Amino acid sequence: MTHLIHDVARLTPRIRRLKGQVAALEKALAGQPECIAVLTQIAAIRGAAQGLLLEVLEGHMQAHVAGEKNPARRSAEVAAIHKVLRSYLK
Amino acid sequence: MTHLIHDVARLTPRIRRLKGQVAALEKALAGQPECIAVLTQIAAIRGAAQGLLLEVLEGHMQAHVAGEKNPARRSAEVAAIHKVLRSYLK
Amino acid sequence: MTHLIHDVARLTPRIRRLKGQVAALEKALAGQPECIAVLTQIAAIRGAAQGLLLEVLEGHMQAHVAGEKNPARRSAEVAAIHKVLRSYLK
Amino acid sequence: MTHLIHDVARLTPRIRRLKGQVAALEKALAGQPECIAVLTQIAAIRGAAQGLLLEVLEGHMQAHVAGEKNPARRSAEVAAIHKVLRSYLK
């Protein structure tokens, strides 16, 4: 059930963009930003992280659940995915 | 209604931690990480961004709604905050 | 800090609609529904509940934070609201 | 790709509970409830709907992705699930 991630090329630019958003926020904070602007930046970062989560989830399910030949491994993978989702989403 | 952010000292370490989480994910991707590990890292980043959003929201409401003397400005500020929330949360 | 809710007339139709969505889902379940249809109905219910939460939050903040004359009560109200948000959102 | 839902017996009590929560909220609204109490009830309903979404998602993925023999159908099912998630989660 150890699956190496396969879509590095697709994820890397999105993660760099997220990194850029966080760095921009850190920089903005140093310059006494306006409150609503900070709230908007953080809401956008949260949205980007949520979008990334859905994308990784779909890529993972396509590669390692839909693409897995062994039914017991598919079932264990679905259980592992949902253990993560239940821990982090409320 | 232009309020400068006031709790930079409290937010900065949290934003640095978030930046560190995103940098760690970017680094992990370069080394063929295991899929569930990546999913867990991204779920944690999303959770950190969500927690930060709630914290900034509370700080902002305390400083610029509860702490604002002019009732019309308080009302306009609440409307501005919710415009952001409605745009980003679904 | 005990505030009676003031926008009953505005909330009631939304809550009835939500109730209708849940009743429709319960009824659908009795008739062997298609899986994706059930997933869609539940996702819509979750979205309706999230939208209702934002609306009640804004109404409450307008009425009992922006509209409250006593600054200490405004501050206590913001703290009470965020205690609820932190308990339920992750 | 048309899958009938299989875990009606497990879902029905949860949906009834959710229905009860919405009915209790509707009833409370008729009696001039306290604002924070309403906010708490709605946050709990949103949490129940989110939890139900994760449960239906896992049940569906176990039954119709992990349990599906045809790889093309598994892949189409994952795509259909994510279309719903992308529409409703932000």
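Residue numbering begins at 1 within each chain, and the chains themselves are lettered A, B, C and D in the order written.
Methods note: a residue touches a chain if its C-beta (ideal position, glycine included) is under 8 Å from a C-beta of that chain, and two chains touch if they have at least 3 such contacts.
Remember, it's a predicted structure, so these values are computed and weren't measured experimentally.
Enquirer: If I rank B-C and C-D by number of C-beta contact pairs, which comes first?
Expert: C-D
Enquirer: Using the average of all C-alpha atoms in each chain as its centre, how far is it in Å between chain B and chain C?
Expert: So the centroids are 22 Å from each other.
Enquirer: Let me have the rounded angstrom distance from the C-alpha centre of chain C over to the C-alpha centre of chain D, please.
Expert: Roughly 16 Å separates the two chain centres.
Enquirer: Could you list the positions in chain C whose residues touch two or more of the other chains?
Expert: Residues 47, 50, 57, 81, 85, 88-90 of chain C touch two or more partner chains.
Enquirer: So with touch defined the way it is at the top, what topology do the chains form here? Options are line, ring, star, complete, other.
Expert: Shape of the chain contacts: complete, all pairs touching.
Enquirer: Touching chain D in the complex: which residues of chain C?
Expert: That would be residues 2-5, 8, 11-12, 15-16, 18-19, 22-23, 25-26, 29-30, 32-36, 38-40, 42-47, 49-50, 52-53, 56-57, 60, 63-64, 80-81, 84-85, 87-89 of chain C.
Enquirer: What part of chain B is in contact with chain C in the complex they form?
Expert: 47, 50, 54, 57-58, 61-62, 65-67, 69, 71, 74-75, 77-79, 81-82, 85-86, 89-90
Enquirer: Please give the residue numbers of chain C that touch chain A in the complex, ascending.
Expert: 88-90
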